[in-house]
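I am attaching a structure below and will ask some questions about it afterwards.
Chain naming follows the written order as A, B, C, D and E, and within any one chain the residues start at number 1.
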Amino acid sequence: MGSYMMVTILDVVISGLLLGGIYAVTAVGLSLQYGVARVLNIAHGEFIMLGAFITYSLYTRFGINPLICFAICGPLVFAVGFILYRTLFTRLRMSSPTPGAFEGNSMLACFGLLFIIQNVAILIWGADIKGYTYLAFPVDLWGARFAANRLVTLGFALAICLVFYLFLANTRLGKAIRAAAQDPDTAGLMGVRINQVLALCFGFGALMAGLGGALISISYKIQPTMGLEYTMIALIVIVLGGLGSIPGSFVGGLVLGLVGSIVTHIEPGLSLVAYYVIFMLLLLIKPTGILGK
Amino acid sequence: MPILEGRGVTRYFGGLAAVSDVDFQVEQGEVLGLIGPNGAGKTTLFNLISAALSPRSGSITFRGKEITDLKPYQICRMGLARTFQTVKIFGNMSVLDNVLLGAFFGGEGRIASADAAEAAASALEFVGLAEAAAIPARDLTLANQKRLEVARALATRPELLLLDEMMEGLNPTEVNRAMGLVKMIQDKGITVVMIEHVMKAIMSVCGRIMVLHHGAKIAEGTPQEVSTNRTVIEVYFGERADASDS
Amino acid sequence: MKKTTSKRMFTFGLVLLILVLAACAPLYAPVYTVILLTSILMYMTIAVSWALFSGPTGYISLASAAFFGAGIYTSAILGKALPLPLVIVVGALASFCLALLVGALTLRLKGIYFVMFTFGLVELLLHFILWWEVTICGTTGRVVPPAGNATVFYAMLIILVILVLTVFIIRRSRYGLALFSIGENEEAAAHAGVHVTVLKIIIFAVSALFMGAAGAAMATRWTYIDPRIAFNPLISFMPVLMAIFGGIRPLYGPIIGAAIFTYLEEFLITRFPYYYMLIFGIIMVVAILYMPDGLVGLIQRLWKGISGRKHADT
Amino acid sequence: MLQIHNINTFYGKAQALYDLSLSVEASEIVALVGSNGAGKTTLLKTLSGLLRPASGRVVFLEKRIDGRPSYAVVEAGISHIPEGRRLFPDMSVRENLEMGAYLQRAWKQKGESLEEIYRLLPVLKAREGQLAGTLSGGEQQMVALGRGLMSKPRLCMIDEPSSGLAPVMVDEIFHIIEGLRDQGIAIFLVEQNVRHTLEIADRAYVIENGRIILAGKSEQLLSEELIRKAYLGL
Amino acid sequence: KEAAVKDKIRIGQAISLSGPLAGAVAIAGGPIYELWVEEVNKNGGIYVKEYGKKLPVELIRYDDKSDIGTMTNLLEKLILEDKVDFVFPPWGTAWLFAAAPIANKYGYILIGGPGGALKLKELSLPYFFQVLNFSETQAPALADIFKGVGVKSVAVISRGDLHGIEYGNAMVPYFKKKGIDVKMNKSFPPGIKDLSPMLKEAKSLNVDAFVAAAYPDGGMLLTGQAMELGIDFNAFFISVLPFSPKLYRGTFGAQGVEGVMGGGAWNAKTSPGAKELVDKFVARFKEEPDYWGGLYYWSSLQHFQQAIEKAGTLNQKKIRDIMAKEKFNTALGPFWYDKDRYFVNHPGEIGQWQKGVFEVIDPGPKRTAPPEYPKPPWPKK
């Protein structure tokens, strides 16, 4: 009996982490884009969708291993993000009278992007649900059973977030990125190339979204209209974790996954309700998120 | 009876006692100077009085009423106004609207629009910003933004005014003018507590000075007494204490 | 002085004319035009009520769908029992109360935290009501008795007119000033005597009031509603976009934004069903690039160009 | 080393600087004094690329820097310590200082520079880990100064470094500024503490309404009647 | 005078081409309407006696963005502004609920396509016709099949919406009546991201059959997770999903879906007309049609066409009256409506994937193959 309990708990916890890992990867990128580049990227989910569909096409058309697709679709989506910032958002930043106005305007522009990217994806891939199976077999861990592909996904999610965090925390560029978030003008006075740094941020955000999309396509079915849902999850996660904090986003993702898993285990009908209850309660208790300052 | 009185006022930030066990009294109609080294806890004390922060212990009374647990807007409406060291103006509103807001909401009870407009205009006139009334407040220079804060505070018809380094960034000639302003405020019957690092101003405007150091009160008295106090000279004035006119 | 009064008379006359023309629309316009006007009125109402609170204070609320949905549900529950005007009033009050509660809880959150809390609220209500209906009631969805096209049109028109008057009065009063000051610097506003919390909550609730009324009126067009329809997040997003597109500050910004957005969308959807998102998206991006302060900014700039006046406007 | 020729700067349609020219040589302290709203800050911002001059030339070490973005100006060797502190509020004191050393060449020596700053301003060492946004006004001013020195500049433009500082610290700051000159760093100093400034400066300019109205050796200016009336309050 | 210029029949449809529903529209139902229009026009159009000639058909499609408010507006635009001759239905149950009263108000015939619920009957709208089979016909058939193959116990999960509730509520009593033990009955919210706890729980209860009242999104997740975790049941049923060869068989492979049961059903063996439809569909779209409603919608349109031709006019009232009474021959055989204007002659209620074919396994004449029981385990990769 005791061991049955243990297995159940293990099962619930690991299932939660598996889900949370995916949430985390999708959120980290948005955290960067909003926390630093000040773009509330409503089209974030569209970048995830792009990553997912590129992986899908590469795998089903050319049989390229989804994990190898990372190396292709990451840089691809990065380039899209970087160029978008250099052209569109830099101009917007210059022409908006106040930072507040820039936030509003960039959100509007992102809505435009959302429409454009989604429509283009529908034209290319069609509107219907798609999926493929990869590593779809069970793995037994301490008596509990998990899907191999999800375990791999979690591993990758952890690794990606870790690398990213170390990069931001320890490098000169990472510091510049954080400074730029707080006061772009003054960061310029320190010698930071603001436009380039912000574009890099936005690009990195897109990169993370692309990788997240690639991971999602392994475990979930995909369709061109899936973006907004993931954007919303990502937003919840970054807010839950504390804005602009990469470890926060990570923890936020895992917390959300765990909560979902526990509640699904008890009363599945309330699992989504629980997400929002936890989210809102946490905000009321700690209005700046779990790891926020 | 003092208009403002504090007993054992204490506030910590983590392990740091920013204000520790400070007693103070402000008499009706006086100008009290508050000085002390950087980080002594002067601004924190203002924050405690105006309820921007709540004290860990101690009590503060204003006109005999306990105000320790009140909210900022209540304190303001009771007639206790303040300015901020790091300016907090309404940047995208016009200079006039900044002051108008104080006139509308600062006092007890409702005020007619016409009266509020008049009060705002005269407050602007008083601090010398009448000409800038229509421009957005963010386009003012820093020194003028500080003046705008004074005008906004005055428009609330206060009985007691807390001025936090209002003369920062003024040259000596302008400091003279600002000192005149403080005197005029006093002449209106408004009690003033001012934090200032400009010695000339403190010494000639304040009737009494209180000195904070590491959150504690280390001296209090007339400018004469304070400026000759050994400890104060050591921690605050430094060897050039004589050059108080600079 | 004289010039401003004559300008004001002109504006007043223009508004009156538009209003009369609009009020008579069901008499002369084709039925479908009235239907289209009704949805434009609906978006105008939501956008203006949204801008009433969020415009000056900078608290971007994504809870519009919750308040709109509360109105819809009121209609669904009481639609058979009460006459439409009463249903609208009850729907409005329901939203108002919901907003009071939500406001008291959330308005200490700032920035994106507030944004996401309000968004979470919509989803929470949606999923909770869904779960409630499914597991407790054992059924989901309700049938709403339909009302005539003209009836809904007039209901929406009246709601909008009352709303615009309310906003106008609030904006011109001292509270308008206080709302702006909250958006600029909440702390300073409090220290200048503004009872920030109460003001925020009340205005938030007033804006919800009108959204609820709009929801109650519009529900009669949909016949069948369930939580997914009632709490559609699009209703939260669109008005924000419309208001930004039009220009948040002046009262007519969200109105113009809503009108153009709704019409443009319907125009594109019916002309280019397979490409309309692409075109719409491109228009949005280009518009924002060339009109960084919204349509209103553009209009003001043009107006300044025409009248040749140098006006120190914010 | 720095030459400014006929700079004109606008805020929207309003002109703030008119045909302004001046120069700063290596190893000297040049002061700029003027009353409130005269255009001092505007000039510094124009030099460091936060504002664009409508016309005119700025030459630093033989290179044109007018109209260049801030980072290029910093890379050229000019450090601007802005008015109003402008710290990164959510970064610690230490991180703020490190940001000052963002330039590649300064980054390598950031450890030593940090030691140096802590030696000059020991208060900061004690507050190393505190978030800059929560410092007292005077403490922030010290961080701003320290941060500006971290980039190893050739020319340092300082906007009102003594504002908000207690008298002991004011002396200290002027001391530090003199020390910088002795290390060969040129200083372009905007200050309201006019007497003290003119005492340490080599030369000074007086600016009124966006125009230079007076220039000369500091000692001369100190005895000038106009200066005594308008800026020394005598 | 108007008759002289009438040169085509214009049909309007507001349907989700974008938004969350667009994916489902594309795999279930959407393409059939296009195919029918092309087919009619290939034959020169529909003969209308009133005009004395064959009139070609034009389909005007608008995108409702998966939003009901937009759909109602567009439907009224089609009727009032574009003055189309007929309208086709939107996609989805709630959408039908909103569309049916509007069409009815303007006296437009609305033949329900994908979607519908028992509740629609309560509205009793004379111009509304319903063609899909639902829980009330599928549930007894499923219970019969289970009884027949010897299922003893079952776990039921249902999507927390109208569809899930109707199916969940309908099936449980039939199972009980047949003596099948319902060991688990839970609902899950739409949009859930992990269904494995329910699979694991059902497995631990050792049930023979796992029954899910789900939509394609949840169904795909469910199948994927069951496969990944190697959780097998003797019978595995999903209401709305397995009928799609493109999505379901296409994703998991013929071997992967072997033995899975689903709502529907028909296939090329159902009738000669059905075979013809499959061939035409494959030729046009390079994939097989959906095996739930595809044949029904197709046949309802053929029925509609014959009603128009018989009426000899485009007058809705006359056509409606004929449709409500008359029986016409269509691809699936004779086609007629009951007194509530519900279509009764379903080609099949339950299907099962067997060797890449979605076989009809109902007891009785509709059956195209006997049930395969127990379902083979998920393939090990």
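The rule we apply is simple: a residue touches a chain if its C-beta (ideal position, glycine included) is under 8 Å from a C-beta of that chain, and two chains touch if they have at least 3 such contacts.
Source: prediction; values computed, not measured.
Identification of common neighbours of chain C and chain E yields A. Any chain that touches chain B and also touches chain D would be listed here, but there is none. The chain with its CA mean position farthest from that of chain C is D. The most distant chain from chain B, with centres taken as the mean of CA atoms, is E. A straight line joining the Cα centres of chain B and chain C is 43 Å long.
Work out the mean CA point of chain B and of chain E, and you get 75 Å between them.
One inter-chain figure worth recording: chain A and chain E are separated by 36 Å, centre to centre, where each centre is the mean of the chain's CA atoms. Residue positions of chain C touching 2 or more other chains, listed in rising order: 127, 131, 134-135, 274, 276-277. Multi-chain contact residues, meaning those touching two or more other chains, occur in chain A at positions 118-119, 269-270, 272-273. The residues of chain D never reach two or more other chains; the list is empty. Pairwise chain contacts in this structure: A-C, A-D, A-E, B-C, B-D, C-E.
Only residues 50, 52, 71-73, 76-77, 81-82, 84, 88-94, 97-98, 100-102, 104-107, 113, 116, 134-136, 152-153, 156 of chain B touch chain C when the two sit together in their complex.
Listed in rising order, the residues of chain A touching chain C in the complex are 34, 40, 88, 91-92, 95-97, 100-101, 104-105, 107-109, 111-120, 123, 232, 235-236, 239, 243, 269-270, 272-273, 275-277, 279-280, 283-284, 287-289. On the chain A side of its complex with chain D, the touching residues are 172, 175-176, 178-179, 182-183, 185-194, 244, 293.
Residues of chain E that touch chain C in their complex: 17-18, 61-63, 65, 67-70, 72-74, 76-77, 80-81, 94, 97-98, 100-102, 105, 119, 122-123, 160-162, 164-165, 169, 187, 189-190.
Here chain D touches chain B in the complex through residues 11, 33, 35-37, 41, 83-84, 123, 134-139, 141-142, 160, 163-172, 192-196, 229-234, going by the rule given at the top.
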